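Naming follows writing order (A, B, C, D, E and F), and every chain is counted from residue 1.
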Amino acid sequence: MIYITRKEHFNAAHKLFNLHWTEEENRKAFGKCANPNFHGHNYEIYVTIKGKINPETGFVMNLFDLSDILKNEVVEHLDHKNLNLDIEYFKTHLPSIENLCVYVWNILEPKIKEFGAQLHCIKIQETDNNFAEYYGE
Amino acid sequence: MIYITRKEHFNAAHKLFNLHWTEEENRKAFGKCANPNFHGHNYEIYVTIKGKINPETGFVMNLFDLSDILKNEVVEHLDHKNLNLDIEYFKTHLPSIENLCVYVWNILEPKIKEFGAQLHCIKIQETDNNFAEYYGE
Amino acid sequence: MIYITRKEHFNAAHKLFNLHWTEEENRKAFGKCANPNFHGHNYEIYVTIKGKINPETGFVMNLFDLSDILKNEVVEHLDHKNLNLDIEYFKTHLPSIENLCVYVWNILEPKIKEFGAQLHCIKIQETDNNFAEYYGE
Amino acid sequence: MIYITRKEHFNAAHKLFNLHWTEEENRKAFGKCANPNFHGHNYEIYVTIKGKINPETGFVMNLFDLSDILKNEVVEHLDHKNLNLDIEYFKTHLPSIENLCVYVWNILEPKIKEFGAQLHCIKIQETDNNFAEYYGE
Amino acid sequence: MIYITRKEHFNAAHKLFNLHWTEEENRKAFGKCANPNFHGHNYEIYVTIKGKINPETGFVMNLFDLSDILKNEVVEHLDHKNLNLDIEYFKTHLPSIENLCVYVWNILEPKIKEFGAQLHCIKIQETDNNFAEYYGE
Amino acid sequence: MIYITRKEHFNAAHKLFNLHWTEEENRKAFGKCANPNFHGHNYEIYVTIKGKINPETGFVMNLFDLSDILKNEVVEHLDHKNLNLDIEYFKTHLPSIENLCVYVWNILEPKIKEFGAQLHCIKIQETDNNFAEYYGE
């Protein structure tokens, strides 16, 4: 069993704001992340898959294919977008890095399977100091 | 003459959109950077000052003071903000990294002088691949 | 189960020197890390916690709280210090990155629990080329 | 149980080309990685070992020893080489990062054991965006 | 006058070997960089241009255009190639980072001019520890 | 004229403390950098030289030679040392990054000349956020 990882990135705006809470409750929970007009990040996304090495290619899965899936199914939809306003999922889920990981996992997991490999981990880095990881369970 | 540099960062939303142009003209010039609901970045800002070494401290200027000025005069106002909506200057100037450099230079240049040092360069990095530098002229 | 990680850093002096050994034995085991007058590092510390996502916040645990705990309970005590001379624990344990991980784990583990989350890993990086990880067992 | 990691690097040329396939099949599977005259990378190699802390040294294993093993047994043989032409193993295995991990594991695993520690993971990074990890099974 | 920089990268094989010298002379001058079967690098290339800010766009020059020029005129030709065997210029010039900078300058300088901007610097990084810069004179 | 840069690093302890000042004056000027038992850093040192390309080697100066000079004349003396206690120069000059740059310039400038090249800049980075540069005048 070998693990391979592909990194891509996207730039997006978001805010952390619970619509069922008051302004003050949001400020208390999320600080300046709740600022009304949004802020943004350079997000880095790491997708790790696992599987056996195919002796004919030396690959678990072709990293070009993995990169294509990641770009077409995820980056294309999130890049240069406002997560709160433009992405359906984040109308009912706060766009935290934790929820972003789950969102990406749910999109990629079936796609990776079609290539005979297995999704292992989604890691999303929001700043140099903060990241989240999700292993699907 | 010695040059010293302090780096700080801020996270902000912006879009590149010229209000005197049509949607289509904006799309042509700015691509997805013109997306209506904004996107965002982790901005890194490098301030370089120059001066003589004070033999009593070994410093051109105390880096704590430089960091404080940078945080109080710049980062505080830009961090977790929407550059287009929240910052007066960017209502009449597009929030490109070029204009961001000029904006920060104009704020910091007189402040650095009060400390007997001289502002040399403002460098702002928007992504791993893009940055701008301004030397004040 | 989601994992989130917060990075902080501190700068400290240390040396690796076993007081029960001769100068020569220390030199043999630790090389120039045993130099008598200390040397130092920029330490980077990564704290990973795990837990369920709170649907109201999108968080496993508020990263501001995690950052505060890490700064108040760890960074505050180690930053700009001499690990051998200033930190009680390292009078009886060598200040290796392995022992630093255990030291930080023991401090943070009960604090994280108070927030309903679970400490998963302490990673400490001493140089670009060396780091240690501890999972509490 | 503590995990420690040492990073080293080497620069090498390679191509991905299955000798049992036609030019066109290779191009389809490997894209420009199949270019006939080779290309190359700055490879970063991370070796993680695990074990108990020796209370006399604070070490799981001396990182100088780990670095020496890694340099003498791996880096020395791969650095500034052509993986396809100069390394016996890659005459029968494609020099993908997956196979590189297995190759390095097989060399280091018995060497680490001689020091009373246990090899945990080989991670090899080929570009900023691609890496593989192998845990020996 | 503002300076903006765009970074791109390419992966290539090369060796440093003066065809007019003996094997031994090459070994003495270039060490393992003269190994016969080539080695390779992940090259990072930074292109800095200078000019006035266009008030309608906030740009000195559109970074998408700069990126396109750099990709089409340079990266496309060097990426996944063998500099010594595949690039005409390096049949008569050694593929050092110094000569790479001059080679790239000569290609880009007239292209940048067509966009009304001015090429300021080509910087090429071969490893974490080595880079060259060329300002055109 | 081409500029080439070589990076090396060293780890050292230091404190910023003016012996002619009171404890309180030191605390006011240097904050926790004045802590009595020292702290430390991973220093990165960049040496930039300039010159013409030698057409026989493609080099301004052999980077192996530059690296050797830097290691033998600078790193060897500073690495794993206490700058205040172990280095003569810092008994009369505070070990700030500004003074470190001047100290390294004075050592390297005549050595580089012997190789027919010219020292252009010494840059020393103390933390991710702070660095100094010296151009010899």
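The rule we apply is simple: a residue touches a chain if its C-beta (ideal position, glycine included) is under 8 Å from a C-beta of that chain, and two chains touch if they have at least 3 such contacts.
The model shown is predicted, which means the values in this text are computed figures rather than measured ones.
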Looking at the contacts, which chains touch chain A and chain D alike? C
Taking each chain's centre as the mean of its C-alpha atoms, give the chain farthest from chain A. F
State the chain with the largest centre-to-centre distance from chain E, centres being mean CA positions. C
Across the interface between the identical copies chain E and chain F, with over half of residue numbers shared counting as same and under half as different, the residues used are different
Between chain C and chain F, what distance separates the C-alpha centroids? Give it in angstrom. 28
What is the distance in Å between the mean C-alpha positions of chain B and chain C? 34
Of all the residues in chain A, which ones touch at least 2 other chains? 128
Give every touching pair of chains, nothing left out. A-B, A-C, A-D, B-E, B-F, C-D, C-F, D-E, E-F
Using the touch definition from the top, list the residues of chain E that touch chain B in their complex. 1-8, 48, 53, 55-60, 62-64, 67
Once bound in the complex, which stretches of chain F touch chain C? 9, 11-14, 32-33, 35, 37-42, 79-82, 85-86, 127-128
For the chain F and chain B complex, residues of the former touching the latter: 16, 18, 20-21, 29-31, 93-99, 101-102, 128-135, 137
